[in-house]
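Quick one: structure below, then a few questions.
When the chains are written out, they are named A, B and C in that same order, and each has its own residue count from 1.
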Amino acid sequence: MENSHTSPTAQAIHPTALVSPKARLGNNVKIGAFSIIYDNVIIGDDTTIDSHCEIGYPTPLTQGEPLRIGASSLIRSHSIFYEGSSFGEKLTTGHRVTVREKTKAGKNFQIGTLCDIQGDCVIGDYVRFHSNVHIGQHSSIGNFVWIFPYVVLTNDPHPPSHVQMGVTVEDYVAIATMSILLPGVTVKKGALVGAHSSVSRDVDEDTVVAGSPANFICATSKLKLKDGSGSPAYPWRKHFHRGYPEAVVTAWLEEFPR
Amino acid sequence: MENSHTSPTAQAIHPTALVSPKARLGNNVKIGAFSIIYDNVIIGDDTTIDSHCEIGYPTPLTQGEPLRIGASSLIRSHSIFYEGSSFGEKLTTGHRVTVREKTKAGKNFQIGTLCDIQGDCVIGDYVRFHSNVHIGQHSSIGNFVWIFPYVVLTNDPHPPSHVQMGVTVEDYVAIATMSILLPGVTVKKGALVGAHSSVSRDVDEDTVVAGSPANFICATSKLKLKDGSGSPAYPWRKHFHRGYPEAVVTAWLEEFPR
Amino acid sequence: MENSHTSPTAQAIHPTALVSPKARLGNNVKIGAFSIIYDNVIIGDDTTIDSHCEIGYPTPLTQGEPLRIGASSLIRSHSIFYEGSSFGEKLTTGHRVTVREKTKAGKNFQIGTLCDIQGDCVIGDYVRFHSNVHIGQHSSIGNFVWIFPYVVLTNDPHPPSHVQMGVTVEDYVAIATMSILLPGVTVKKGALVGAHSSVSRDVDEDTVVAGSPANFICATSKLKLKDGSGSPAYPWRKHFHRGYPEAVVTAWLEEFPR
């Protein structure tokens, strides 16, 4: 082996990383090989940025707002975050994530590989995007929302135009794979959008819609878990707790006593 | 901060960039950190290549044709362009764009983040692709075309086979999010393909189609802008002018006098 | 030109590559610029890793299993492979491929640009994924399978849950563009899933299904090649031989004598 190095994660800031002296890095921040940290960035304590990332990509659209990454976050390799967005603590991303300016997200946000968040969005706490989700500008997403692969949230009702009607997704909603939310729709609390659907009208609380265009199928309470238990699959927070903090899970267990 | 650098954009060619001495770079070309410029490349004046790009990726399929990038272009980070394609002036890309060999595009082409252009395509002037558009080989795209996220242009009528029937998209067409154009179809001038559609037959001029398979919905002139004006949403060039040069907009205003 | 370098492919291991001394590299392995080879990696002879890759990305989920890349493979730039997966000889990838842990694939696997393989999958020999295919965890894929762009294989019947019902795709199946296979379905030998379909039930051998939900259309033998020959388009191995080794093609010709 002609060219030997220790792992880039063995060092706080890899020698090949390009870190602006203007960037404000907390304690115990790690920066991987071949990553660039631009000027207008605030990174919380104990956060790790993998290799090949760009953090705080400059844009004239932010009026000087910095990129803020909360403490105890993990940004996996090849990800790009623009300046002017902010994220609470414990942000975790997959690889090749792109997030543009002026998006504000809460804590414990998980963003899957290849997701593309277009900017000017508001995102709550404990939101989870699986791989390859596209969030159009002006989307508004509540808390504990799940969005699955190849889902697109749109905003322009007659493209191309200057009219922007962002989508609203309320708390505990799950949007299954390869569905599209058309401009201006609201998916209400606890609803489920079935896979491969095109949602053109508002979706009622705790209901299932599916199809293209999506129609009402049933109440979410009608769906049973396919694990042999016969238990209801929704609200999912009754049975799915992986990765949520104990206080959150305790509150859910009190909401749904056995 | 142990490791401080000025922004890579502060220097014409970043010290970490790998630029072949055979590449032909115009005046005032900027190359970002960790980018590779291969041998068979011609880049016009005043063009910026961001970080982590590969420009002129070699392929045996080009018979020595170089990659030509027009003047005043901006290629954003993590993009890969093969040798053997050519682009007019003012090409602008998002991040992580992939463009293969033997594609010829006109001026002012905008390619969104994560787009994948497969090669052997012809693309006109002022074409705009939003994020994550996939253009199959042998596609032919006119001028002033808009293609929205997760649209796929296909080419093989019975995959896998050696039969390649490229798609044709004429001037001023808009193809909305997550639609697919099946092999050999032609979408005629000014038509609109609705979101989440699968287009299996030719689409007439200035008509709207939608569905899977896509059917005729109405003339585009029937769609009204949802901005309270009640004005027609199409032809979009009557009201949407952002980013087009003054001469183009003036011609459109003369075509549609108020 | 201030900063000139020869092509990174001109050198076995580019000086900018970061290669762990623990990685086990075969003879004549090439590593491109700005790539990282982590500790727990075994790469076969005559394999080329392009630039900007990460090979053997560490994860606690693998119980120490290495990443094994077979001999004579080509991993194109910006790709990320986790430790704990294994690939037979002659793996070929496009760009920006992501493959997670605990996937086991056979020989001559082709993975297109932007594909995302989620881990815990079993994949046979001579499988070909076009661009932007998403393979969910616990998928099982046979030999000589073709999967086209924007296809997603899912696994969770009522997301989010702990129930994982992987998809099974048998030998010689072709799944056309932008289709989704719902959790637990089996697509049987030689079947064709039409473009833009949502497959919710098992698909019989040598049949065509299409639509959302996908329904039976016809036997694959009813589809004729659109090349003027009038020959049947399926089984595709009767007429499509590009890139398969001579022994494979000979066996197919004997299976279908003219």
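Here, contacts are C-beta pairs under 8 Å (C-beta built on N, C-alpha and C of every residue); 3 or more make two chains touch, one makes a residue touch a chain.
These numbers come from a predicted model, not from an experiment.
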item	value
Superposition rotation for chain A onto chain B, Cα-based, multiple of 5°	120
Copies chain A and chain C touch via same or different residues, half shared test	different
Gap in Å, rounded to a whole number, between the CA centres of chain C and chain A	27
In chain A, residues with contacts to at least two other chains	16, 34, 52, 78, 96, 114, 132, 150, 178, 212
Chain C-facing residues of chain B, complex	12-21, 23, 25, 34, 36, 38-39, 52, 54, 57-58, 78, 80, 96, 98, 114, 116, 118, 132, 134, 136, 150, 152, 154, 157-163, 165, 178, 180, 182, 198, 212
Interface residues, chain A side, partner chain C - complex	1-9, 16, 33-34, 51-52, 77-78, 94-96, 113-114, 128, 131-132, 146, 148-150, 174, 176-178, 195-196, 211-212, 223, 225-227, 233-234, 236, 239-240, 242
